[in-house]
Each structure stands twice: as C-alpha cells, then as structure tokens.
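Please find the structures below.
Both of the next two complexes hold chain A, though its partner changes from chain B to chain C.
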Partner chain A sequence: MSLMFKRYVPWGILVAMTSMVAADTIIVQTDLNNMIKSATTALSIIGSFAVMVSVILLTRSHAGKIRKNKLAVESWTLLGCMWVMIIYGLYRFIFAGVRPIAEPTIQYIFNAIVAPGDSTVYALLYFVIASACYRAFRAKNMRSLILLIVGIVFIIGRAPIGQLLYVGMPDLANWILNVPGAAMVKALLLAEVISSFALNIRVLLGQERGWMGRGD
Partner chain B sequence: MATETAGTRKSVWDRLQDIDPKIIYGIMLIAVFLPLIRPLGVPIGNINPEVTNLYNYLNSLPAGSIIVHDCEISPIYMAECYPCFVAFLNEHVQRSFKVIMFTQDTTALPAIEKGITEVYGKTKDHPNYGKTFVNLGFLPGSTLGLNAFAADNLFPVLDAYGNKLADMQFFKEMADKSARSWRLVVGYGSGGVGYLVQQITDVYPNCKTSSGTAAVAIPSHYAYYPNKIIGFLGGLTGAAQFEYLIGKPGIAIAGMDAQSLASLAIAVLIVVGNVAYFAARRTKAVRGG
Partner chain C sequence: MIPSRKGEESVEIASVGQALRTGYNATIVFTLVIMVLIALSIYLTVRGVLKPKIRRLPGIDAIDEAIGRATELRRPVHFCMGQSGISGSVALAALAVLRYTARKCAEMKSRLIFSFAAASVNTVAADLIKQAYIEGNYPEGYRPEDIRWLSERQFAYSAGVLGLVLREKPAANLFFGFFMGEALLFAESGYRVGAIQIAGTTMSIVVPFFVVSCDYTLISEEMIIAGTYISQEPHQLGTIQAQDYMRLIGLTILGIGCVLTPLGIKFLYDILGV
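What follows is the complex of A and B.
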C-alpha cells in the first residue's frame, strides 16, 4: 500500500498530465484544452505559493543554525532583513492599501542597498577574473595557445577600443562568435535536447524515480 | 636581465609570474576609475551586426506594434541589463510602440519600476499607463506561466498595481489577445533566451525574439541568430551601440571608456603573464644547459 502511494500514484499522475499536455498541443478539443488551461492556472498559483514555502524553509533552516550557534550573526541578519521587509510590506498593504511593488520605502531599499550591493559582488568577479587570467592563461601547448588567442581577440574585439588597436578586430571577434561559436552552441543545444528527451522517456517509463524524493 | 643569485633569489620573470593579486586588483581599479575621472572619449566604432539587425527590424515595424519585455533583471545584472532595458524603452517611446513588461523573477520587480520611471516619468499614474504600456509585475509558473500568458494575454487577470487587465484600453484594442499580436519579445539576464524562442517564436512565428543579455550569455544566442533571435544587445557594449543608433546617449555610452580600458588591461596582463612564463622557462633552460 505504501509503495502504491509513494511510487505508483505520483507516477500515474505524471504520466496522465504529460499525456494530456502533449495531446493539448496537437488536438483541438474544447474540453481537453480548457482542462489543460485550468491545470496551467493551478500550476501558476502553486508557483506563487512556492515562494511562501521557501520563506518558511529558509526561516527554519536559519533558526536551526541560530539554535546551534553556527553562523548566528549571519543568520540573524538574513532573517531580520527578510522578516522586517515582509512584515512592513504586509502592514503597508493591509493598512494603507499600497502594494509592495509601488511602496517607496521598499523601492528605496532596493535602489540604495540591494541593487548596488549585488552589482558590487558581481563586479568583484571582474577583478578575480583578471587575476585568474593573469595566472592561468598560459600558452603551454597548441590548444591553450588557441584558447589564449581567441580569448584576447574576444576581450579586445568586443570593446570599442578593439577597433582603435586594429580595424579588423571587431570583425574577427564576430566571426569567432558567428562561425565556430555558433557551431559549438548548436551542437551543445542539440545534445541537450536529445538527452532531455531521453530523460523524459525514462521518467515516463518509471525507470527514473529521483524526482519522487528520497527512498525511491 | 635576470637578478637571481646562486638559486636563493627568484628571477624577475619568476617574481612577475607570482605577482601579488592585490597589484592586479590595483591595476584593474585604476583602469576602471581613470576614465570616470578623465573620460577618454573612445569612439563607439562599428556597430555589431546583431544590434543593427535589431534596430532595422524595429524600424520596419509600424507605430502601435506590441513589444513584450520579460525583465529578468535581478540586481546582480543591473549593471549590464538595465542600460539595455532603458535603451529599449527609449526606442519604443520614440517609435510609439506599445509595451508589456513582466518578470518571472521577484527580485527584478524594482528594476521594472525604475526603468519605467526613468523613461516615462511616472508608472501607474502616467496618463498613458494602461494605454501604451502595462506593467504586469511578477508572472509565476516559469515556462508554463509564459506559455499560458502567450496563449491568453488576460491570463494574469491583474497588473502589478491591482488593475484589471480586461478593463484596460491596451487590451481592449487588441483584436487577438494572444502572442499572435506581438511583434517582439525581449528577454534579459544571463540564462539565454532559448525559452522565449521555444515558447513564443516557435509557436507564434510573427513574434521574433531579442534580448538585452549579460555578456556572459552572448554565445548562447548564436544558436538562434539571426532567424529566430532577430538581434540582441550584448551587455553594456550592445546597449551603448543601441543608444548611439537611437540618438539617445545614456549610461551605457558613459561606461564604454571604463570597459575599453579594463578590457585592454586584462589583455595586457595576459600577454605580460605569458612573456614572463616563457622568459622564466628560457632562463631555467639556459641555466640548466
């Protein structure tokens, strides 16, 4: 019985839903099309609730860390920031009717703290990449020499200064992207699609059960 | 040239190879800050073909065409994608296009607000809000949500401010309230826009795909360019070239000097690192011989 509910019921639902969605794309039948439309709406609503579930899970996870006194300061900061924002947003929405998206304080916090902070972290990567390029980009053999040349052409060619250094540099960079680059990306994409197709068939046949969670 | 003595001291080339990262960070800092203090005025140069294609395609569309923006502009991509978004909106205002904006990333909501305020002046209080532009806010459901929205534009029911979509002039004027009425869908971020091609352009071929992508995702666009992705703005450079084409210089053009100098600094560092590597090898070979 337990195996029935743990394995076969979720698998049955998956097979039924997948078949119906596939049928919806190729069959024009009002009842079927409406049913899939309702299912899509339901999925979007579930998606919205998933944000709430992640807030609860994040709180649980960091409350555990605080109890164990493991990275407590960081966890307190994260939970404090998150819950102050949630409570303040809900308070303004309930008592003043202002939606969080149009709330000036939340906008200000985003523009003054979140956006520059996140952008700074991302920009720091640039410095790390510069240091890594200096150390790791070595023409030790023919393959690394090709990588090195392509890297330099691309770095310089995509910046406006590339044309000042050599008129043909942007064209060279664009050729790399358009010809070998596009060929490689298309091959990768094709491989990705075929492997995803194979995986989906395995899931539908019940050979792949990782998505059901632990124990199966 | 070598300064070593009896194997105890490292040669100049060895020391150059093991240079302290702080020195490299310092060089990069100067490369980024110098143009901010003293602009170099590096010309934009030739416009990339993907930007020209996009510009020409937009030019071929009649006024009132519907352009849809899936604004995945989370704070981490603000520096690269936000200038693209603003450049797009400026062009749409110039050409009197109708614009729908939404995001599937909750952290991108303020970026949409900021962009609308910067270009239109006001958001929901603008007299043309609900007529020429609409902000749908967060659209949940990932690709399924996008698919449902493309099939029925009234699927989200309310906009970001709680207004009913069915009551808006924007949607009332649409004869076909599906992606068949759209002419371009624009994505952002670093994940590529393959999902827009698959969910929108493949199903509704009249609607082409474009993007204001982070530079790291540029190669992924070439699988679909130029048939399904009609053109795109690749990072800050793409945004700057588009700003130049539409004749409205903005933050992207202002950032080009810094990007040029920083790119040049990285290339020079790579060359110096390699020169040091080969010189050190040669010195050791001579000593060994």
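What follows is the complex of A and C.
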C-alpha cells in the first residue's frame, strides 16, 4: 500500500495530467479545454500553498536556531520582518479591504528597501565579472588563447575605440556574435530540446524516478 | 472553423463533436515517430541488442571526489538549484543529481546544505534528501534546517546564497538547475572560499559564467542526462540511444532545409508549419 501511494499514485497523476494537457494542445473540446483551464488555475493556487508550507517550514527552522542560540540575529530579523509583513498585510486586507500588493506601507517598504537591495546585489555582478575575466583571460593553452583573442576582439569591437583602431572592428564583433556564436547556441538548443523530450518520455514511462525521492 | 492556439484554422470533425487544431500536424507526426523510436530503443537495449554507452562526464564523476574532499575537510557540501521550480526537465534532472549527491553525502557521513529559490521545491527536496540519508544508513545526518528556502526574488536569493557560502564555507559547491545573472555571483563566492565547484545548466547565456568560474561544467544536454549517467539503467540508456537517432533526423532535416531554402523550395516550411 505504501509503495502504491509513494510511487504509483504520483506517477498516475502525472501521466493523466500530461495526457490531458497534450490533448488540450491539439484538440478543441469544450469540456476538456475547460478542465485544463481549471487545472491551470488550481496549479497557481497550489503554488500559493507551497509558499505557505515553505513559510511554516522556514519559521520552524529559524525557531530551532533561536532555541539553540538566543542571539541568532539573522533568525530574529528574518522571522520578525516576515511575520510582521504577513500579519500587517492580512490585517489591512481583512479590515480595510486593501490588497497587500496595493498597500501603501508595503509598497513603500518594497520601494525603499527591497528594490535598492536588488540593485545593490545586481551591481556586485559587475565586480565579479571583472574578477572572473581576469582569471579566464589567461593564455594557458590553445583553447584559452582562442577565448582570449575572441574576448579582446569582442570587447574592442563593442567599445568606441574599436572603430578608431580599425573600421571593420564593430562588424567583426557582430559577426562573432551572430555567426559562430548563434550557431553554437542553436546546436545547444537542439540538443537540449531533444534530451528534454526524451527525459519527459522517461518520466511518463516511470523510468526516471529521481524526482519522487523514493527508493527503487 | 475553430481558431487554433496560433490563430490558425482547425478541421472540424463533426462525427465526434471535436476539432483538431491545425498547425500541429508536423508536431503530432514527429511526436509519434519519436515515441516509437524511444520505445524501440528501450526494447532493443533491454534485450541486449543495442549496447549504448554514454561518454565519460567528468563533472558527474567529480561529484564523488568533491564530497570525499568535503568529508575529509569536515566542511559541508552545498547544492544550489537556482531559480528552478518543480516543473520542467531541468528541475527533474537537477533533482536526480540532488538525490545522488544526498545519497553520497549520507554514505560518506557528510553534511549537505541545499538552497533554492522556488517554494514549490521545498517539500519534494526535503523528502528526497531525507530518503537519501535513510538509504545511505545515516538518517541522523539529515538536518531539516539545512534545506534552505532563501527567497523567490532573484537578487534576494543571490544575497542569501552569498551569505550562506561565506558563512558555512562549503568544500564543494554544486550548481544544478536554472540560473541567470546570479550564477557568476554564486560561482565567484565559492571560488573565494576554495570550494570545488561543479555546475550544470541548460541556459546557454549562463554557461560562460560557469565555465570560467567552476572546475567542471555540464552543458545543456549533459545536465539533462546526468540522472541516466548516474543510474546506467538499460531502460534509461535506451532513451539516450533514441536521442541520437532523433538528433540525426533533426540534422538531416536541417541539412535538407539548408540546401532547399536557398533554391527557393520551401515545402519543408509548409510541412513543419514554421
């Protein structure tokens, strides 16, 4: 019975849903189309529940940390911010009818704290790109030499100085991007699509069970 | 006539009260051909007629080495799934690698920290890791607090992973899943703490980031077949053989198209509906 619930029931649901979604893609049949539409809505609702479950698990995890170490500052901060926001958002929604997404205080917190935080982390990216380039652009062997040459041509071609050095430099940089670069990307895409298709078939046939997290 | 999803017309089948959307003929035919190919390849592989082999993937082989090193150094292994949700082939492939990693961590009695962005991954991953630790005869090594849902926001998640890597100083960083610009932030922070880094993604724009910052990188298809490479089961190997046939068919069509299109013959366009 246990094996039935742990393995065959999830697999059965997967096969049924996949078949119906595939049929919905190619067949116009009102009942089927409506059912899949409802299923899509249900999926987003389930997604919201997943967030709720994760919030509870996160609270438990950080509460455990606080129990072990009363001065776990990051856990106190996280739990405080998260639950204050949740309770305030719900309070405003229930008693004032304001949706949390349109609540002015929450919007202010988002604009004053979250958005600048995002921008700060994004800005860090430029420093790590420079650091990674410093390591990557070393001619240790033939492949890294090719990378170095292509990288230099591309950087110069994209900078205004490239045109001053050689008129055709921007065109050369564009050619690298649009011809060999695009060809490589297409090859990767073809391989990815085919392997994804095969993986999905394996999942449908019940041969790929890694995602279920159960022993064979 | 009923419009299709692409805004085209469909053929009405009055007898059964249904209609097929047009523009999907080629899709249906190719899907059926591919499914037959896969079924045939699995059958022949299981019967031993075909003996497909996957070339060595150093990135996967290096996972054992990385976990062993983490055990020796008494430092944790960090597995990062990026922004992958629970749907899609990338997530399924990443979960297969996660399961293998967790099992190896259990066998070597090493600590595994798993970080991710999508809440939908939480319960599945927790269950998967717990089960792997039980199978590896080290159930006490499973720590729920090491399964860390950091944030659904890209850069908040990035900041979380950066902090995690700098605080915990993992000896091995494994990045498998869907990544965008944050990939380089993760890989560089791992480099700074001296971790062995293995990455796998299908995002072609992220691959260069991982290639320059990680010790091993699985690119595109390599990442998706990682589960098969690990298990080496004949059923799964059969589908890999079928993939090669599919690729051959795709390349043949591509070649024919390259010849015919400059000549002004565009029947392939009509057949494929592109």
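By our rule, the second predicted complex is superposed on the first by the 189 of 216 C-alpha atoms of A that agree within 3 Å, B and C clash if a C-alpha of one lies under 4 Å from a C-alpha of the other, contacts with A are read in each partner's own complex, and residues count from 1 in each chain.
The criterion applied here is as follows: contacts are C-beta pairs under 8 Å (C-beta built on N, C-alpha and C of every residue); 3 or more make two chains touch, one makes a residue touch a chain.
Note that the structure is a prediction, hence the values are computed from the model and not measured.
Enquirer: In the overlay, answer first, second, both or neither for which of chain B and chain C A:29 touches.
Expert: second
Enquirer: Can A:15 be said to touch chain B (first), chain C (second), both, or neither?
Expert: Touch partners of A:15: none, neither chain B nor chain C.
Enquirer: Tell me which partner A:138 touches in the superposition: chain B (first), chain C (second), both or neither.
Expert: Once the two structures are laid over each other on A, A:138 reaches chain B alone.
Enquirer: Regarding the shared-chain residue A:177, is it in contact with chain B (first), chain C (second), both, or neither?
Expert: A:177 contacts chain B only, not chain C.
Enquirer: If you stack the two complexes on chain A, which partner ends up touching A:163: first (chain B), second (chain C), both, or neither?
Expert: first
Enquirer: Is A:44 in contact with chain B, with chain C, with both, or with neither (first, second, both, neither)?
Expert: First partner only.
Enquirer: Between chain B (first) and chain C (second), which, if any, makes contact with A:65: first, second, both or neither?
Expert: second
Enquirer: So, A:194: does it touch chain B (first), chain C (second), both, or neither?
Expert: Only chain C; A:194 stays clear of chain B.
Enquirer: Looking at A:107, would you say it contacts chain B, chain C, both, or neither? Reply first, second, both or neither.
Expert: After superposing on A, A:107 lies in contact with chain B but is clear of chain C.
Enquirer: Need the overlap of the two footprints on chain A, from chain B and from chain C, as residue ranges.
Expert: After superposing on chain A, chain A residues 47, 50-51, 114, 117-118, 121-122, 129, 131, 133, 135, 184-185, 189 contact both chain B and chain C.
Enquirer: Spell out the residues on chain C that touch chain A in their complex, using ranges where they run on.
Expert: 2, 4-5, 10, 17-21, 24, 27-28, 34-35, 38, 42, 89-93, 95-97, 99-100, 119-120, 122-132, 135, 144-145, 147-149, 152-156, 158-159, 162, 181-182, 184-185, 187-188, 202, 204, 207, 209, 211-213, 219-221, 224-225, 227-228, 233, 235-236, 239-240, 242-243, 246-247, 250
Enquirer: Please name which positions on chain A make contact with chain C in the complex.
Expert: 25-29, 47, 50-51, 53-54, 57-58, 60-61, 64-65, 114, 117-118, 121-122, 124-125, 128-129, 131-133, 135-136, 184-185, 188-192, 194-203, 205, 207-208, 210-215
Enquirer: State the interface residues of chain A toward chain B in the complex, per the touch definition above.
Expert: 37, 40-41, 43-45, 47-48, 50-51, 99, 101-102, 106-107, 110-111, 114-115, 117-119, 121-123, 126-127, 129-131, 133-135, 137-139, 148, 151-152, 155-156, 158-165, 170-171, 174, 177-178, 181-182, 184-186, 189
Enquirer: Taking the complex as given, what residues does chain B use to touch chain A?
Expert: For this pair, the touching residues of chain B are 17, 19, 21, 24-25, 27-29, 42-46, 48-49, 74-79, 106-107, 109-111, 113-114, 123-124, 137, 139-142, 144-145, 147-148, 151-152, 155, 160-162, 194, 215, 218-220, 222-223, 225, 234-235, 237, 240, 256, 259-267, 269-274, 277-278.
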